[in-house]
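Heads up, the next two complexes both have chain A, just with different partners, chain B and then chain C.
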Partner chain A sequence: MVKIRFLSGLKEIVGQNEIEVECSDLLSHLLEDLCNRYGEQFCRLLWGTEVQGKRNPYVKILINGEDIRDQDPRLAGDETIILFLPIAGG
Partner chain B sequence: MPGPLRIGFLSTLYHTSHILREERWIEQELGVPALWTLCGTGPEMIQAFSENELEAGYVGLPPALIGISKGIPLACIGGGHVEGTLVLAGPQYKGLEELGDVPLVLEQFRHCRVGIPARGSIHDVIFRTLLARHSCQDCEIVNFSWADLIPHALLKGEIEAAVGTPPLAVLCEMECGTHVVIPPGVLWPFSPSYGIVVRREILDEAALLEGFLMLHERACNLILESPDRAAHLTVRALPWLDKDFVERVYAVSPRYCASLPDPYVRSTFDFIPVLNALGYLDKNLGPESVFETGYINKVHPGSHHY
Partner chain C sequence: MKYSRQLVLPEIHWEGQQKIFDAKVLLVGLGGLGSPQALYLAAAGVGTLGLLDGDRVDLTNLQRQVVHSTKDVGSLKADSAERRLKELNPDVSLRRHALWITSQNALDILSGYDIIVDCTDNFPARYLLSDACVMLKKPLVHGAIYRFSGQATVFYPAQSGPCYRCLFPVPPPPGAVPTCAEAGVMGILPGVIGMIQASEVIKLILGKGHPLIGRLLLCDVMTMTFQEVILKRDPACPACGENPSIRELQDYEAFCGAQGMERSARGGTAMPEKNLRVVDLAGKLQANEALSFLDVREEWEQSIYPSFPHAIKIPFSTMVSQWETLLPFKGKEIVVCCLFGWKSQEACRFLSGKGFEHVWNLQGGLEEWYLYEEQSGIEG
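So, the complex of A and B:
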């Protein structure tokens, strides 16, 4: 199972801190599923408004602790993914 | 400049980057395209400088000193804020106000784990120095690549306390019920929490740098004098935030200014022996190798308003 943890900025929309899903697909497909599940506000934050098809660079996605930036890795199905909109400073 | 000005910024809410970015001041007032890159910590930004991905950045001075000592051609051309590092912990831990003495506060964290942004960040350097000064080495430091991971670690009991920025303090107070046990002014007076750092290759771009510093100074003044308006602009840039949250953050350590006065420079250089002792510097540095004050002295003559 892929464990997904939502932190600042997203957990309030999702209404949960953590979920587990079955997924061995591209990350982008998992994110599309999350958009369908959590609706327009979540989707708008994730994809932003600037360039269609490109993730909002302000949304951070860590897979097993690594910042994947704009990559779209294929998931093995046992990762821990953390999604958040940073506000806590450097 | 032939291409866009590539600027690194942190999520720290009181940095003027959020206002300049949202309002497109650089594009509109200087006629220069700006490309903004969000970094997790100061050391991550210095890494981006070393890979020639940035020309300018908003960063704490200790990571900049580390970068310069490693040969990255950087110069600090402006200030921004001082005293942006504090220690927070849960309600079971007493604060400085109650205990009256920093060593007594630290004593509570013996054999505890303390969460801090990346190794080499200003928070990491300040807290390691504090521990050494008060012989409190049996406190375990846990470094985080993003400060936003710290509240979850506190809630899970993976750490007992944390060191970081005012936004981290407000966030942890809301999510974990923590409080500030050592406030920023006590930890390291006039600590250069961030400044404007640029690659030396662009130091001859006088119009661009003076223009940038004027916009930066204007935004610093907005945060200081009209926090309501500044928070409004910041929330436009980061629409998932609550305006009250931003204003609470501004009020934690309201010491905003773009200038580089002597206390700022001296406080920065007080980090050098500390960074040497921690083994973070590859060589010693003098003021001329770190600061280029010519532009900011033109843009902000007279006394500072930190």
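So, the complex of A and C:
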């Protein structure tokens, strides 16, 4: 199972801390599934208005602790993915 | 005697305490994160503490900005913090900077300190501090908070760590990530994150332990989980990479705002919203102008302040599916409000994009409105 954790800023949007999903596909396909699950606001954060092309670079995606930046790796199915947003409050 | 409990620690002892006495630490921002750090770093005997903030204390700060007291409301935060810290530890030399950090003054101010602590509350200041610290080869102790979650790390490219731009190459567009004023913050959270930052400051001064260089600590106090993430330096980073293109400080407001422009262009809502100050709204109401009110607060926010009489309530999160109920008001003057004026600003942009020409964003939101009513009541 792929474990997905939503941290600062994102967890409020998806309303969950953590989910587990079956997936051995490209990361982008998993993210598209999440878009369908969590709706427009989540989708806009990831891609802007069009669900294609480059993701918004300010949404951080870490796979097994590594910042994948704009890559689209194929998942083996046992990863831990962390998604979070920059926050600026002080 | 005063420092005996830390002198007894072999990791500190006299040698370490002398380093603490000799250290010059700048706190940029004396709000939620800066307040507890100011108290603890002064108590620890940090020799020189820079207190930088151009803001004044207001009542809503006191829930978390613990260096300030009720009697300080209206005072400059730099003055208020200076008063409190003088009482706490007169050994500490306090340097008061009652101003905002800018591209013009940052290098001058920061160069007088060994360690810079980012306790600011906005993206432009965070990018500015990061770039300035890269240029001056100084460590930047980072902390940020939002609702119940926080982040802390140490940006220190001079010791092979990444900088803020390696982590976040571009800022989110304005409005995409709500501020604490907009989304709220648990008052204790800046204490938690601030204490992580202050611990990092002391470790950097001592040169002991493993500082959070290249590690980002993500904290969620609701689940009380801490997640450590490895941060790598980006060789292509425009600030600290192999061929840096940023060689002088920039216009950071424009840098962070430009992202918003890009979003507007993509989102098709390029029409700027019109802002209405609370004093102007009062004038309009006094002149009996025909106004409709749209309250876009979420349901859980609605009990904090009452809405305007007869206001239409459409929570911002449902705006996309519910805006059409506003069609009968399309030609009318609509004042859009929320708690603090951020969601309403977004709602105005959205409605402008749908062809609503007479939408006004109530600046500062209902909080500003009720503060104004209270103050004008006192004055009157």
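Just so we're on the same page, the second predicted complex is superposed on the first by the 83 of 90 C-alpha atoms of A that agree within 3 Å, B and C clash if a C-alpha of one lies under 4 Å from a C-alpha of the other, contacts with A are read in each partner's own complex, and residues count from 1 in each chain.
In this text, contacts are C-beta pairs under 8 Å (C-beta built on N, C-alpha and C of every residue); 3 or more make two chains touch, one makes a residue touch a chain.
Keep in mind that what you see is a predicted model, and the values were worked out from it rather than measured.
Check the residue A:R55 against both partner chains and state whether it touches chain B (first), chain C (second), both, or neither.
In the superposition, A:R55 contacts neither chain B nor chain C.
Have a look at where A:E40 lands relative to chain B and chain C in the superposition and call it first, second, both or neither.
After superposing on A, A:E40 lies in contact with chain C but is clear of chain B.
Please determine whether it is chain B or chain C that touches the greater number of chain A residues.
More residues of chain A are touched by C.
Touching A:G9, do we find chain B (first), chain C (second), both, or neither?
Touch status of A:G9: both partners.
Quick check on the output: what are the common chain A residues between the chain B footprint and the chain C footprint?
5, 7-9, 12, 17, 45, 57-58, 60, 62, 65, 67, 82, 84-90
Of all residues in chain C, which touch chain A in the complex?
29, 31-34, 118-123, 126, 143-147, 149-151, 167-172, 176-177, 179-180, 183, 185, 190, 218, 220, 223, 227-232, 263, 266-268, 317, 320
Mind listing the chain A positions that touch chain C in their complex?
Going by the criterion above, the answer is residues 5, 7-9, 11-12, 17, 40-41, 44-45, 48-50, 56-58, 60, 62, 65-67, 82, 84-90.
Quick one: in the complex, what on chain A touches chain B?
5, 7-10, 12-13, 17, 45, 57-58, 60, 62, 65, 67, 82, 84-90
Touching chain A in the complex: which residues of chain B?
The contact residues of chain B facing chain A are 10-13, 37-42, 44-45, 59-60, 84, 117, 121, 145-152, 164-168, 171, 238, 240-241, 245.
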